[in-house]
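Read from first to last, the chains carry the letters A, B and C; within each, the first residue is number 1.
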């Protein structure tokens, strides 16, 4: 049995994993789903990327979790890479779920295409607060395209504004790229948040940066933790096993 | 419940949708499957693209259909884009099923690779009649690759020659690209009519031209209305819902 | 009913097809799975590509097999292309299963990306014997990524060192590219042995070299003959039928 630590993406918090976590635990695994600093409702959003990372490191260390399978979704990929640098000896394997794998020296924002950069910058300007609120139309059509309208609406109600600073901080990832920790990339084949092209898509662009890695795929959108949590849990087990 | 209008592709006529339509209606939807002018057996093939478009507009207006989900298959994608320009207020959503999404000023022929352009030109020369008759070997191997031989033959018998003029007319699509109508792209992952490459394939090349769109995928060839009509109907419902 | 001849890839021998062959025969087909010269355990590994090809030609001719569906897996794709040149009249259809389709004048090694070329060269140096022994970590993560650890280990135990000369011989394939034999490409969508990119991947890079071909896809890794033999047998039937 494995110990999974699931790190959510932008606009989400740890509660997004509830149904996935329930299924993993029903299968006998331990599962933890911390909320990244500056994420979730009614919290201070004034955080940078290093503070986001530190909050996950602190969570894992405070619970003294070891031999963990550490998964990052989307923006969470840029978190687990830095967490792995901080506490490599606690990690058995990394799983990137439709997640950013940044090149050394890049930011998350650097890795989205120009038209999305412009859109995000506009969202930040609208917020007057260095945050991004995702428009419902974008959520429904591009992020949770495999859900019905009711689920699109109920999941949208669970989101909260995303702080922008962690998106624009440039990350030093030299150490990450020398870590011998095994890695998996779990790709959802209908994920259309990033355009499905070699220049801008999740896979194979992000995944191939990992060097030797285990590829696992499943049908579904960027938001399979909501639209297909049981199917996702099963694939997390496959991606995380030895 | 939705009102679907299904627009066929080249060599086909409206009867190609019979099994799909039966399933959509059994699920409580209304479904219409007009035949484009110049298509079908024993009709005058001397039509241009504007006449093809007008025939679908006339069909929708004469039946006073409103709030429709308008789907175009293959060549039909170039039809529904122009229909949407003519009667945008009658359309709730557009679905492109392995369909051409033309750039402004281009023709359908412009969007196939040089070796297919040469093949089509040769078919036109052979016909002596500004038409294209699709060779059975191409139909069986590249269009309906997921069928058995019997279905490949019976479906081939339902085809008729395709007029060439609608393939070479250059389309003004400036208005189309400013329409706020929601759009879906439904992609069949074994469709090999166009080479599966970023330079020449259906998806993501055609789909990404739509801007924000809903991606839906299913297994199958270019001819799933014959090889898997029930599966296609289910995916049309997913692509067409709010 | 068909007569299948299944040609294995590098590190494998004919016994890799046992479970696939059992299922094909249970469905009423005849199935043959020869071992390529220089392959398998405890044999002389001092062979070149021409000798590999000749061993399969000899097998087919000695059994007087005709009207065969000839399948090549991976490295075996470079074998069946040359077998087809030698005995075209005995072949009903070629199936390339995640297989090399070489351009005229190229070697197998020419068709893997530079980082894999360097890795293979290093394996040859380590062997002191013009052979390559595949490391278990690479086998488990990149070749049989869809198996559990037990199957990864038991299948690894069946492998043997791969001679290098057949990988570096440049092949004259002019005749192959003029043969009118129908061709199918069967692609496993989680195959990550070659990076999944247009520049270096199996499909559509290799497949599109075939000209008109039938595309068939299935989920799974490079090693579906071990991880999903029944599913593979079913897809071989679809790829091989008229």
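Keep this in mind: a residue touches a chain if its C-beta (ideal position, glycine included) is under 8 Å from a C-beta of that chain, and two chains touch if they have at least 3 such contacts.
The UniProt protein names, listed by chain, are A, B, C = Salicylate esterase.
Since the structure is predicted, the reported quantities are computational estimates derived from the model, not experimental observations.
Chain contacts in this assembly form a complete graph, since each chain touches every other chain. At the interface between chain A and chain C, under half of the residue numbers appear on both sides, which makes the contact a different-residue one. Rotation angle, chain B onto chain C, C-alpha superposition: 120 degrees, expressed as a multiple of 5. Chain A and chain C, compared by their mean Cα positions, are separated by 37 Å. Counting partners per residue, chain C has 198 as the residues that reach two or more other chains. The residues of chain B lying in touch with chain C in their complex are 137-138, 141-142, 145-146, 148-149, 189-190, 192, 195-198, 201, 219.
Put simply, chain C touches chain B in their complex at residues 182, 198, 203-204, 207-208, 212-217, 238, 241-242.
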